[in-house]
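Common to both upcoming complexes is chain A, partnered first by chain B, then by chain C.
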Partner chain A sequence: MNVTGWLKKDGKWKVNRIIGVVLVGLAVIVSLTGCFYTPYDPDAMDATLKNASPSLSHLFGTDNFGRDVLSRVMKGAGTTLLVGLAVVSIGAVGGCLMGAFTGYFGGKADLILMRVNDAVAAIPSILLALVFVGVFGSGTVQLVAALGILFIPSFARVVRSGFIVQKELDYVKNARLMGAGHLRIMFVHILPNIKSSLLSALAIGFNNAVLSEAAMSYLSLGVQPPHASLGRMLSEAQPYLFRAPWNAVAPGLMILFSVLGVGLLSLEGGEKHE
Partner chain B sequence: MRYFLKKTVALVITLLVAAFLTFLAFEVIPSDAAMAKLGMDATEEEIEALREAMGLNRSLPVRYGDFLLGALRGDFGESTQYGLPVTELLADRFGVTIGLALLSFVLIVGISVPLGIFAARTKSKAGEGIIAFLTQTMMAVPPFFLGMLITLLFGIVLRWFTPGAYVPAGENFFGFLGFMIFPAMAVAIPKIGMSVRFLQSSLKEQMQADYVRTAKSKGCGRRRVLWSHVLRNALVPVVTFLTMVMAEILAGSIVIEQVFNLSGIGRLLAVSISGRDYPVVRAIVLYTTAVVVLLNYGADLICRYLDPRIKEI
Partner chain C sequence: MKKKAVFLALLASLTALCACNGGSSGKKGSEDFVSAVVGITQDLDSLDPHIAVAAGTDEVLFNVFEGLVKPSVDGTLVPAVAKDYTIAPDGMSYTFTLRENVKFHNGKAVTADDVVYSIERCAGLLDNQDPEVVVESALSVISAVEKVGEDTIVITLSEPNTELLGFLTCAVIPMDYTSQKSAPVGTGPYKFVSYTPLTEFVVERFEEYYGEKPYLEKVTFKICASNDAAFMELLAGSIDVFPYLTDEQASQLPADYNLEVGSTNVVQAMFLNNDFGPFADLKVRQALCYAVDKEELLTIVSGGRGHIIGSNMFPNFGVYYDETLENYYTYQPEKAKQLLAEAGYNESNPLTFTVKVPSNYDIHVATAQVLVEQYKKIGVNAEIQLIEWAAWLADVYKGREYEATIVGLDSALAPSDVLKRYTSTAKNNFVNYENPKFDELFTKALASTEEAEKISLYKEIQQLLTKEAASVYLQDGAKLVAVKKDFTNFLFYPVYVLDLAAMKPAQ
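Right after this comes the complex of A and B.
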């Protein structure tokens, strides 16, 4: 696949996809760089520079402890995106297994699991995540576990409906005749064929995960201090909104850009397959 | 009638299961209410005595029965943090959350329906691209960040409202609206993005249906096709979707109440979770779940009324 063919259609640039690539690229570069290098130590406090406005030495200013906001955004973006990835991985693996087995074999187990799925999906996930954290305590690990488990039903539903369609197709019967086992058929033959719907579910799931992490950390029930996370930074910035709005704007825009970027990419990707 | 009965039985079962799960969730916690109340340095005997007094030593089914009966009478015990009956705590805060949710819902429906119809009718590629970009942006903003931006712009720069100065609806209804419209905007905007996209795709799907072509070839005008054919047929998925949106508004207000310093249910929930105030958490979770389940039940009945072809389940 050549790159310009992917970005162009009928000689016209796909503007939304280009913006998506740029935004995702920005998020990846910022958070990857943040793992190895930040202009200042993200946790170093400087009492003489509290809530300093953006300047050449501190591009996004400093927060109420005199910490460099740019460095904290770089570090926090890494945490937030990593949590998002971990959550989506748990949800996708769990959902694929559950959806594949229920969709392929059907029967009573399918019926019961799908009922449970519907029940879980009916309740807003942030409420369930809050309950989970209430029971098991707050922290990054608990947050990832809670959100990951809560994301399983949405993936299971997508995978299941794909499997129900695919399992009746000729290539599955063919594979069966050639002696392929059920597991092989499910994961080697069918799974690659539902790639496109799985990909868009992944993108939506990732965005929801990032937004949920931010919301939970904002309520101080997710990533705990002193670790920087974008949601955490926003909640710390709120009391100083009037004096130092850059404290809130920088992490907020970082979340907006990464989620928007992934959203724009998935949007165009989905249309291509229709 | 059979449909109605079936749905009602399912509703009762769902509510019982939900109540059991909320009850069970807080039973598996290693520390119980007695330990939480007395703190770290209480002796074994003291804890044991309080457990006996609070009825924590009875068997699980008995306590579940107790919890259910209490819940039905609206009695959820006492908050460990405030020392007040949970019901009293909740009663003060329900109005705020319901007001916020209703206002947001009105905003969402009022804005996204016309926008969705407009989006479904657009033929130009550029127009579609712009709509896609805008709706994606609306969905990508974290609601609480949006809340902060709204506070910054309308509260601090333009001074259209005083941040944190909530006016109860009973005192001054227009003052209440003038304040609540801002948090409601923060709740509504991401959902508007979602709803416009949904309306656009479901209306487009209907517009390609055979009956639309038939109506057009009989000489039906564009407006009439849209209003009396397409919209009627799109109503069922839209009602289902709006129910989901309503549930998400309730969840979204948890965070927004924190941003705007509104003392509603959501804020109480967040505070109670960090304070390990389990009776309150339990009551809020149960109430919210019940509201969501009831909303779904209502939507099912409405959909059945709109389209009698809908069979059971």
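Right after this comes the complex of A and C.
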């Protein structure tokens, strides 16, 4: 599978994938650059430049503290995307393990674990995260842990249903006859075969994680000020929406780009492989 | 289809919200009485003045109720239901002579029995005390309230206190009246008309008021869902007076409103837990004071409108306030660094602490961000932790589990009230400040009957707090009020009240 083959189908460009690649690429480049270079110190204040409109020296204007919005978006996008990745990783690893064991072995353990799963999934995730943060305090680490745990059930379900279907197939029976151990069958034989549904679950999970981080920080429970994150910036921009809309536009667009981009890529990922 | 219907319903309700009361703004138009609409952002917690605890309720009920004395604009207490009073030289008893012809809103004359009942109810001395009544702790020194004649009462104390007057502003109410919670009756310039929860509180001029008759004949306190909602109504013209403008809203005020600027009468400070390791060192606390550029802080968080303070008191305390302390700690980052170095902190061993900030107060969150940035310049790592208001009250204020916090403290009209929290035994001494000299000066000041001596003692106390850098005192915020150009004379008080009786027509 080469790059053009991935972007083309039957001689036609796949517009979804191209737009997705461009948007995700933009988000990644901006946030990676933000790790080692920003035009200004993202936390440096300047009382003389409160809510200055976009200009050549400050491309996206400045916020209520006179901080450069572009620098903060670059830094904040990194934080937000990193939180999204960490949350999805915790959710995916936890969910894969839980889904693989319950789906492969079945039985009473499956019944009990999946009901626990249902119980966690039944509570709105933001609400549960609020409780978690209320008990363990607010901060980036707590936020990642809370959201990560909440993302386990959705992955567990996807993986479990995949395993239930796959374990009855002939290749699994063959492997068993040839004396392969359970762990080898689960993670070497079956897991690669549910790749496509797992990939779309990853993409959707990533988007939800980014949005949840934004929501939690917006409610001032996630990333603590003065550190920038996209949700935190939106929250701080709210009172100035009419007088200094650039405060909200830049972080809002950044969230839109990364979520839309990953979403477009995952649309294609869900299709059957040629 | 369903989505569309929901959207239309939302749109319709939004339009209704914007349209309601669009034209109720009373002026000298076709109506034959003068009225005004005041926007408030909190519902009233009770109509009974002795049960209500919210500052936002006191502010409104000030127009309906009066005590023996009441606060005036310049910070002094003026006689209200009482005509005259004397404080015994030993500070052990107060004698009040009642004003003649004071009437309750229900037409009955105020008697000495009513006054005795009211004070006893506030101080928790009644036999059949209503458990809902919030007993004012400062009044706990009262041992007896007696009627000694038709128009004279004597209040006896269990220990000397010459500052009790500031708390005798508690409302005088009729003793045999039981519907105070639903239809309040007092002696103030306005009498109660109606109250609709979450909607409005309406009062009208009390024609038999003993004092000067107010100009406004009817006042509606319109309860708005939020500050933003109130401002939208103001933009639509349905609110005449709005006392809680933000700096941002003030800059967008329509042309037919005047902006009145007063003071919020709070001590905003970064309070330091004096028991927290590093803050036990005076040099560290002083370094934190020298490192703050208050001018920059004010420019950023309050549009340059606040008033810089240097100790735990605000300017509206008048004679008691020591304004020289405002410039005690000027912005000197180098000196701050040097003090930190002397205390043993440097680049390899930086001072690190966490500031807990109540997340519902935008001004404190903004202040925290500015301070953290300013402290970074002297190599101090301060981390912000936002917490809920309820958690703040429980953990920081009551539990004293914090390192530093930023908040604003208000006060009753008595210098003792604002300073008492620094005495070592005070229950609300959440900064854990302990200094025998402070306690000694405070006890002396509280018992002093000589005004000049009292003033100098209280100034000495403020100086002590500043020199000891008990906390990093920042500002007394600006209160921004929008008043429609039809009216003038919106008065600012050193306490939390809204005086509608004083309002006058524009010339």
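Here is the rule we use: the second predicted complex is superposed on the first by the 271 of 274 C-alpha atoms of A that agree within 3 Å, B and C clash if a C-alpha of one lies under 4 Å from a C-alpha of the other, contacts with A are read in each partner's own complex, and residues count from 1 in each chain.
In this text, contacts are C-beta pairs under 8 Å (C-beta built on N, C-alpha and C of every residue); 3 or more make two chains touch, one makes a residue touch a chain.
No experiment lies behind these values; they were computed from the predicted model shown.
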Which superposed partner A:Thr80 touches (first chain B, second chain C, both, neither): neither
Which of chain B and chain C A:Thr102 touches, first, second, both or neither: neither
Touched partner set for A:Ala44, first chain B, second chain C, both or neither: second
First, second, both or neither for A:Asn117, with chain B first and chain C second: neither
Of chain C and chain B, partner touching more chain A residues: B
First, second, both or neither for A:Pro225, with chain B first and chain C second: second
First (chain B), second (chain C), both or neither touched by A:Ser217: neither
First (chain B), second (chain C), both or neither touched by A:Phe65: second
Contacts of A:Ser138 with chain B and chain C, given as first, second, both or neither: both
Which superposed partner A:Asn247 touches (first chain B, second chain C, both, neither): neither
On chain A, the residue positions that both chain B and chain C contact, one per complex: 138, 220-221, 242
Complex contacts: residues of chain B adjacent to chain A: 14, 17, 22, 25-26, 28-29, 125, 129, 132-133, 136-137, 139-145, 148-149, 151-152, 156, 247-248, 250-252, 254-255, 258-259, 269-270, 272-274, 276, 278, 281, 285, 288-289, 292-293, 296
List of chain A residues in touch with chain C within their complex: 43-45, 47, 50, 64-66, 137-139, 220-221, 224-226, 239-240, 242-243
Partner chain A, residues of chain C touching it in the complex: 246, 248, 251-252, 296, 299-300, 359, 362, 365-366, 368-370, 372-373, 376, 383-387
Residue numbers on chain A that touch chain B, as the complex places them: 12, 15-16, 19, 119, 122-127, 130-131, 133-135, 138, 207, 211, 214-215, 218-221, 231, 234, 237-238, 241-242, 245, 248-249, 252, 255-256, 259-260, 263-264, 267
